[in-house]
Every structure is written in structure tokens, then in C-alpha cells.
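The following blocks contain the structures, represented as C-alpha cells.
Okay, so chain A shows up in both of these, paired with chain B first and chain C after.
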Partner chain A sequence: MDIIPQLVLNSIIAGSIYALIALGFNLIYGATKFFNLSHGVMAAIGGYTVFYFAKTLGWNLPLSIVVGVLLAGLIGYALDKLVYFPLRKRKASNMVLLVASLGLFTAIQAIIAILFTSQFQTLSQNISGQRIYEILGGVITQTQLTILISALVITVGLVLLLKYTMFGKAIKAVSDDEEVAKIVGINTNKIISYVFFIGSAIAGLGGILVGFDTGIEPTMGFALLLKGVIAAIIGGVGSIYGALIGAFLLGFVENFGIWQISGEWKDAIAFILLILFLIFRPRGIMNK
Partner chain B sequence: MTKNLTIYNNKIKYRNYQYNEQYLKRLNKFMNKKTKLIVGALIIIVILVVGYLVSKGQSEPISTDPIKIGAILPLSGAAAFWGENVINGMNLAVEEINNSGGVDGRLIKVIAEDSKADVKEGVNAANKLLNIDNVFTLITHTTAVSNAVVPLTEARQMPAIFDAADSAIPLNNKYAFKTFYDARKECKGLIEIANKRGINKIGLLLPNAMPYAEDCIKGANEVTDNIVNLRYIFRDRDFRTVLLKAKKENVDAMLWIGFPFETNDIHKQRTELGINIPLLCGFKEECISDSAKEIIPQEYLNGMISFDFQDISGGKFGKKYLSLYPETSSESLVGAAFGYDELMLIANSLKGNKELDTEKFYEDMMKTENYPSAMASKGFDENRILVLDTRLLEYKNGDWTEIK
Partner chain C sequence: MEYLIHLAILFSIYGILGISLNLVVGYTGLLSVTHAAFYGLGAYATAILLTTTGIGFFLSLIIGVLVAIITSFLIGIVLSKFDDDYYALASLGFNTIIFALFLNWQSLTRGPLGIPGISRPELFGFDFSSNLSFLILSLIILVLIFYISKFIVNSSFGRVLKAIRGDEKAIQVFGYNTAYYKLTIFVISAGMAAVAGSLFASYITFVDPSSFTVFESIFILAIIILGGLSNMRGVILGALFLILLPEALRFVGFPPDIAAQMRQVIYGLILVLLMLYRPQGLLGEYKL
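And then the complex of A and B:
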């Protein structure tokens, strides 16, 4: 293992994890224009669903992963129908929606802790059973490669969806101007609910893959959300490409930063990057 | 009075009773002689009896009123595994104390609050216990929360127990008593044994913002300056770049003290990266968790050195606790033992202190030696640090062996 290629791979792995959160976050923000903080807990829902079905009930692993992704999506969809939609209907401000999302985040996190205890759990099996690939002198595990490929595939998938399908064009129309979208006959509430489903399902997948890479805990969503939101802002809030580029930039700056200075500066480095963007390029890399 | 008392025709009419003047004169004469003496004597007796009863009530506590002890523990969150066992241990102690009649006839009651191992939550819990529940004393667990709570107990001159790895707590606070291991001393000991084995360049793999980590660094600096900074953010689960740094710096071993939830990530990532640098660490279960034994190849675990307490699983408390909670790990058993011992220390120090005098309690805490200790401790030293017997262990081929 060579040092610098490994450092690059470490940055890519971190960036891929951030991207899985930032992608769904940006998709939802694009359609709703509010910071959906409950997005972070969807990762925990995905991880714990797989833990419950695969490890506790002994279900087949791929089936458990599918159930985990779908359940995270469905819960995201339900939250929109039960909480955000009624608030939007009452013309609640974005601040009210943000506070509601924070409340949901906290409540769901507490429910997970009650159901599964606060103990750390691992989804992975014996490490020697996992394949390790060598790329240009650095090493990457099968799970980490899956995280990277998932982030790339989801980005491409979302871009294609938004560009080439009627549904995607409807999402873009809602993102551009919800009132005009309504006038031209788009059922905007339905579109937003579907966006919640897709965005939450992506976060659920992110949580499952992080669970395989490191492990799961009820509070895992907060750290993921924090870095995911930073990535989304520096890449460009609401932009799909922006989420990916922001996530990788954050991963590289963090890892090369702590390579030079102490590791305890990692969060400070991330927030300094965020502040620099907020001052000099507040709309992010992709938004003009 | 004017409404009920009227005088007419030399007769006094009081309500419906009529008396003539002669009768009243006789009555007054009689009162002046005998009755006044008797009434006076009766009044004196009543005053004496009431006074005695009041003074008796003030000097002796009501036997049914329990002595309240506050416990600030991580009952949820990442360190809940510890707090849950501590409270179980405390409950066992309370059961034993109260079943044997309590402390001088008064029962012990523990009021536990959840700190989530979070400083803010811990301070809120302490304020509640001190101001609303009016507890007699406090027991606080985890180093960071202890550091935050100790100013509150000091301000009240309240002797209190802090289960923390930071020896500065009792050294800087007159009324603080410390249980748990001493990070400074143990880190110093680990590096000394490492140096004797030719392990010279040590990477300090320690979290930020944790008082025990600062204390550990102080201990390390007392022994060597051949150290490399490998610090990370507490609760961060990505150790890859920090581990890579350890490899680049060619460290011989990494000194790490942390939580069991971190150990799996560290071992997993060093195995993935092929960085087989041994760890010098705290409890053996922090060093290598049961799940790490299952998922990490043997060669990546051999050579770990740990400091730990004496094995208490075979003792009276250990056997009883394990019969009630058979799934308990050895580290969790230590948590339960500390909870048990802390309650026993307090109960023992309160014997003969019916007035619950804090000065006397403080003095008795300092003197307490013989109490039913699960950890086989003999009480506090002159710095109010609990004297505990620790040992050094090395992991070889699937098992820990003691380093003599």
C-alpha cells in the first residue's frame, strides 16, 4: 500500500458517503426549498431495517437491503403526507418546515434508540470474508467500492431521470417554480411526495452501506446529515451534480487537511470550507 | 363579647346562663386558692411534655424518610452500556443495604438521571438533583460530565463521588472523591512497559475534547517525548487517514484509550489498510471487543497490551451479578461493580451520622476502609482517589495473559 494513492482513496470513500446523503438532500431541497433535517434519520432507518431483518430475523441479505431502502423511502413519503404537506397547505414558512423536520429527526432517532437500544451494531461479517481491491497502490474494500459505485450510479440515474423522463421534467418544473407548475397542470404535491420517497430511499441506502462499512447507531444520521448538508451547500443547493462534486471536494479537503495537521481539526476544516463558500460563492460550485 | 354579655338588675347574663354576684364571688375565691395552683401545674406539665416531644422530634430523623442519593449516569447514547450496568450494580447495593435495615434505620434511595454522557445534559441533571430532589450526595459517571458537575457540588461543599479517569478532579476540588482508573497513571505505566519491550515510538491515538485523553497525554509526556500526534474527533468513525499517518511516521505502537464502539472501527480499518501496528489500550474489552474477536484476523490482534482491573467475575458480587445478568461482558461487570461500590462507600460512611452532617460524612469517607467492595478496594487515598488494583495484560493467540 502506497501512502498518497491511499490518501486519495480515503478521500474518495469519504466523499462517496457524503454524496449518498447530499444527493437525496439536494433532490428534496430542489422541490421543496426547505432544509429537510429529517433526511439524516432516513440513513438510520435504512441501517436498522437491514439489521432487524437480516441479523435478527435471519432474512436473506439482498432482500433485507431492498426492504431497508423501500422502508426509508416510504417513511420519507409518509412524513411528507402527514407533516410537511399539511404545513405547506397552511402556507407555513420554510423556518416552520425546518423546525418540524428537526422535531421529526429527534423523535424518530429516539424511537430507534428505544427499539434497538443505543448500542453500536455492525452489519458486516468477518473481515477476511470481504474482498479487498488494490487500485494504483491503494486498497479499497468491496463495501467501499459499492459505496463509490452507488454514489456514481445514483448521480447518473438522477440526472437521466430529471433530463429524459416526464416525471423528471415535472420535478424540474416544481423546482423552478411551483406555482407555474401548478398552472400548467402538474400535481405538485404528488411530485413532491415522490421526491421525498426517492430522496429518503437514497439516504436509506447510504445508511445501509455505512452500516456495512463501519456500523450503525441511532444517532448516526446527525453526523451524516451535517457533512451531507455541507457538501450540498458547497456543491450548490438543489443541484445533483453539485451534491456529488461538493461531497468529493469535502472528502479531499478534509483528508488532505488532517494529513497535514492534526486529525482533531477535521470538522473545523469542513466548516472553514463551508464558510469560505458562503462568503465567496454562496450559491455553490454548480449554481451561478 | 358585647353581644353575648349583658348586665341588668345586678345579675350577669352570659348567653343563656345567669349568675348572681354572690355566686361569682365564691367562685373567684375558690379559683384563687386551689384551682389556680392545679391549673398552673397542669400548664407547666403540658409545656414540659410538648417541649420534650418537639426537641425529641428535632434531634432524631424520621425513620421512614429515605436518604436520597443522586446518580448522573449515561443511561442512553453511546455510553449507555456502561450506565445501564452501573445502575444495576447500584440497585443491588441498595437492595442489600435496605434489606439489612438501611443506614441506622433509614433506607437508601437512588435517584438516577440520564446524562447521555453529554456535559450539558449532565449539568441539567445535577441542577435537578441538587435543587429539586435535594439529594444528600451525588455520584457522577464519565469524565467529561464529572468535570462539568464538580463545580456545583464544590459550591455547596458537598462531598460527592466522581467516576472519572481524570485525577485532577479530586486534586483541584476539596470535596470530590474519585473512583475509576487514573488515565495519567495508566498511560504512563503502559508506555513504561512498552519502552521496556523496545517499543519506543508511540502514536497517541486519542480523541479531542475528552479530559481523559488530556490526562493520558500528560502521563505519556512524563515518560517519553518520542510521541506522534494521532488525535481524532470524538465519535468520528473514519480513522483511515489517521492510521495512514501512523504508518508514515513509523510508530511502533499506538496508545489508545476510548470507548468500545470505537475499537471495532479502528481494528477493521487498520486490517483493511494492512497496518499491523499494535495498540496499547485501556480495559481489555475496550482494546478488543467480543465482536472484534469474531471479525478481525488473529494476527492483527496479537501483541495488544491492556491495563485492566483484577478479574472480579469469581468474587461474591461478580457471581451474584452474573447470575442475574448472564450476558454481561467483563467491562460491563466492572461498571456494575463501581456502581455497587460507590453506594456501599456512601452507606458505610453514613453509619452513625444520624444528623447527616456533611463534615462528618466527609471525614468518614476519608476513613472508610472495610466495606463490602466488589472491586476489593480498601477505600480512598489521601488525595481522595479510590485505591484500585490494576494489572497489565497482553493478547496472544486468542487470549489475554497477565504481564508480570
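And then the complex of A and C:
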């Protein structure tokens, strides 16, 4: 078997996962202009909600997934209402918001670990029974195909939402200039809290899909967050297309990097890519 | 009694970490989330040198400080290009890279297995193997670091640091090379963190990568933000509080692994609450 097609496929799958995190992250950054580090833990919330409802309570899977996505969205919404909105109202600096989001991240991750133990768990019922497809000489599992399709559908959905609905245009207006958006009569705080809901729900879905593909553990959010943030920055922070391009670029660099070096260095490779970008093109690929 | 001594030793180690990080975050206004990396460099230098060569603890401590100084010099050059939230994010990246080194450079660090059997310090035939003598040693070092830091921040050099925190552009107009000041204080702070690392390795007699994650950096950040940025006594208070708190939880009767997670929940929430209600911490003189 040739290794290149498989590597390309793996890169695309990794890119799709990173895109699911980076899209929401960039949407939130666009509206609020701060690095919301609690974003990663939404993925863990999504994954663990499905784990709880489907595996512990025995609900059917599609329903559990819907609950997982909604719960991640709601918690994102609640965090905005309880923490980020009061801080924004007080005109707190970005650093204050960043530290608060770090604190939320640490606390929620530990709460998940207390509720579900720190053990690694998997969401899929029968790993061996998964259907496997062959594309261009590489293999892809059904879950991975779902990840790829979800990332595509959500990106297209977001682009359509932002371009063709009033709500989407309001989000864009807030991202461009919150003060002006307020002046023309947009309820910016309401828009921002909806953005938190949407972004967190997408991250929740990302976490659920990762749970089916590899598995869930309380710290999964941190790893995903880092990759999502790196993807967002190298693509261009605040931009939907930027998140997508950054995610796939990161997926490719990582997978081809570990092919040349070795698997354990994946995170280090990702961060070296980030630091190179920060030095030479700090505003990312999309932003001028 | 042994137990109180144990807590007092931990307190002095975290006191050193807090005081040194405060130089960068509190006095200079740079939100560094990579302190655990330098702490780890010191710990690993002592661990490796004491288990493989015949040199003593104090020489290993000096070598650890040198390693941290060289590493932080290189990292600091890159970081000097950033400020505010990008600085925080890039520094977090460096913590991840150095953590990956501890974990994956197996021929040197034994990776996740860690390095056991590190001996206690010895000076002129006097042996610090009892916990009480070790406590005295670490308290002496804590006091030294405290006064060195106090000397730095009260010197003309320290006043430039505070001016950078206040308004970097303005102080540049007066002809100060701010990049040089920021790099110098970053390197000094890293060297001090390495001292704490050497003490930690020799006291616990075992190191593994899990002690030097990003969450450890966040913990140290929580200490100084709680106590108060830019206030030495505040840091001591913060360290005391956050060291004693998990012990109080243990007394309440939580099992150890849950108590460890509770510690994270609490310091995460402390960060959030402080950001919401008292961003300068208990005794702080500077708000983020």
C-alpha cells in the first residue's frame, strides 16, 4: 500500500476535526475580540453528554447526540451570560477575559473528571464492526467520513447563514465594529450570546465526533483547543475561511511532519508552525 | 509535624515560583503562561545530573539555572515580538513544546516513566536528608529570592519595568530599549523558576513530565493573581492559601484523586471570580 494517499486522507480528517473547533473559535473571536480558551472544553462537554445519555442511561444515539450538541451550546451561552458579558460590560481588558476563560476551562475540565473519572473512554459501540471505505488507495472509517461531511456541511451552513440571513449580517456587523452595530440598532449583546451558543454547539459536535473516532477523556478539550486556536491563528483569526484553511494546513503539516519525524512530536510540530506564523505572518493567511 | 514540614516545603517552592513569575506578569505586565517549563528544566537538570553523574546538588542547581537562562533567552527573543493576548498564547505554546521534550526525549528524561532515586542535597559534609533541614534550606532560598526580587523591582531597572507595564510606547520615546528590559526580566524569572525546580526534584526525589504541564503554569498564575499582581507579600499569601486549600479539602474527607481535581476546580473558579470582582487580587497594585 502506498503511504501518500493514506497520509493525505489522515490530514484531511485531522483538518476537519480542527476546523470544527476553529470555526466556532473564530466566530466567537470575531464578535468579542478575545481568545476564548474555555472553547475547548465545550468539545469535552459534548462528548461526555453523549457518553452519559447513550451509554449510561441507554438512550438512543441520535437523540443523545442532539442533546450533547445543544448542551454544549447552552453552556457556552451560559458562560457568556454569567462571566463574559459582565466583564465586557465593565470594559475589562482582553487579558482579563483570557484569564477568566482559562479559569473556566480548568474548573470545568476538573468537574468532568470528578463526574466521569479521568479514564479514557470510547463512544462507539462496536469498533470492529465499523464500515471502512477505500478512497484512492487510502482507508477511511465511517466515523471519519461523518467527520469530514459534518465539517463541510457546517462550513457551508455558516457561510450561508452569514451571507444571506439578517441574523448573519448582524453577526458580521458586530464583528466589524460593535459600536457602530449598536448605533444602527442591533442588540449586540444578544447577538454575541447567540454566537457563543452556535460556536460552542459546533465545538460540542466536534467533541462528539472525536469521541466516536478515537475516544473521550476529560483533557481532550485542551488538545483540541490548542489545535483549533493554532488553526484559527494561522488561517486568520476571526475569519470563517481562515479557520478552514488553517485547519487543513495544520492537518497536513502535522501528518506529513510525523511521517518524517515521529508521532510523539505532533503537538510540538503544531506549535512550531504557530510560532513561525506568529513571527512571519502574525495575522494569518486570510487577514492582510 | 512531618506533614506540616512537607506543606511548608511545598509552600516555599511555590513561593519562589510565584515571586519569580510576578516579576514578569505583575511588574512588567507580560502574561506569561510558560513558567512551569523553566521550573521543569531546573527539576530535570537536577534529576539527570544527580542520578547519572557524581556532581552535587548545588552544582546541579547552577547548571539547571544556566539551562533555563539559555532556553528562556531564546524563547524570550521570540516572545518579545508579541504583547498582551498573543504573548499569552505564544508563551503557552512554548510550555507545550518543552513539555513535549520532557515527555519524548526518552534517552535523556526516560519519558513518562520519570526519573526516580534523586538524592537530597549535601553541602560541606552537611546532609539535608531530613525534611526539617531541607525546609530550612528551601526557606533560606525563598528569602534570598524574595530580597533579590525586591531589590530588582525597587531599582531603577525595576522602575523601567513598571513604566513598560504602564505605557511601553511612552518609555520608548525616552530612549529605553524596552525589548532588552523585557528579555532580561524574563530570563531572570526563568532562572529563579529553575531554582524552585531543583529543590522540587531533590525534595520529592522523583520527577516526571506531568508536574510541568500548562496547568501547572496556570496554577502559578493563579497564585500571583490571587495574592495580588505586583505585590511580593501578596504572592506569599496566595501561595500559602493555594497550598493549604487542597489539604483542607482532604481533611473534609474527599478521596485523594477527587481532592486533586477539586483543587483544579477551586483555583479555576478563583481565577474567574477574581476577574469578575477583584481583578487586582487580594493585595495587588496592578490590574491586568
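Heads up, the rule we're going with is that the second predicted complex is superposed on the first by the 287 of 288 C-alpha atoms of A that agree within 3 Å, B and C clash if a C-alpha of one lies under 4 Å from a C-alpha of the other, contacts with A are read in each partner's own complex, and residues count from 1 in each chain.
One rule holds for everything that comes next: a contact is a pair of C-beta atoms (placed from the backbone, for glycine too) under 8 Å apart; a residue touches a chain by one contact, two chains touch by 3 or more.
Just so it is clear, the model here is predicted, and its values are computed rather than measured.
Overlap between chain B and chain C is detected when the two structures are superposed via chain A.
Once the two complexes are overlaid on the shared chain, A:214 sits against chain B while remaining clear of chain C. When the two complexes are overlaid on their common chain A, residue A:113 makes contact with chain B and with chain C alike.
By the touch criterion stated above, A:137 is placed in contact with neither chain B nor chain C. When the two structures are aligned on the shared chain, A:226 is found in touch with chain C, with no touch to chain B.
Legend: residue contacts after superposition of the two complexes on their common chain; A:264 is shown touching both chain B and chain C. Looking at the shared chain after the overlay, A:13 reaches chain B, while chain C stays out of its contact range.
By the touch criterion defined above, A:255 lies against chain B but remains apart from chain C after alignment on the C-alpha atoms of chain A.
In the superposed model, A:103 makes contact with chain C only, not with chain B.
By the touch criterion defined above, A:274 reaches chain C but does not reach chain B.
The interface of chain A with chain B overlaps its interface with chain C at residues 113, 118, 264, 267.
Residues of chain B touching chain A in their complex: 76-78, 80-81, 207-209, 229-233, 235-238, 240-242, 244-245, 247-248, 260-261, 264-265, 268, 271-274, 291, 294-297. Across the complex, chain A is touched by residues 31, 33, 78, 81-82, 84-86, 88-90, 93-94, 96-97, 100-101, 103-104, 214-215, 218, 221-222, 225, 257-258, 261-272, 275-276, 279, 287-288 of chain C.
Across the complex, chain A meets chain B through its residues 1, 3, 6-7, 10, 13-14, 113, 117-120, 122, 124-128, 132, 139, 141, 214-215, 217, 219, 223, 255, 258-259, 262-264, 266-267. Against chain C, the residues of chain A that register as touching in their complex are 34-35, 83, 86-87, 92-100, 102-111, 113-114, 118, 222, 226, 229, 233, 264-265, 267-268, 271-272, 274-275, 278-279, 282.
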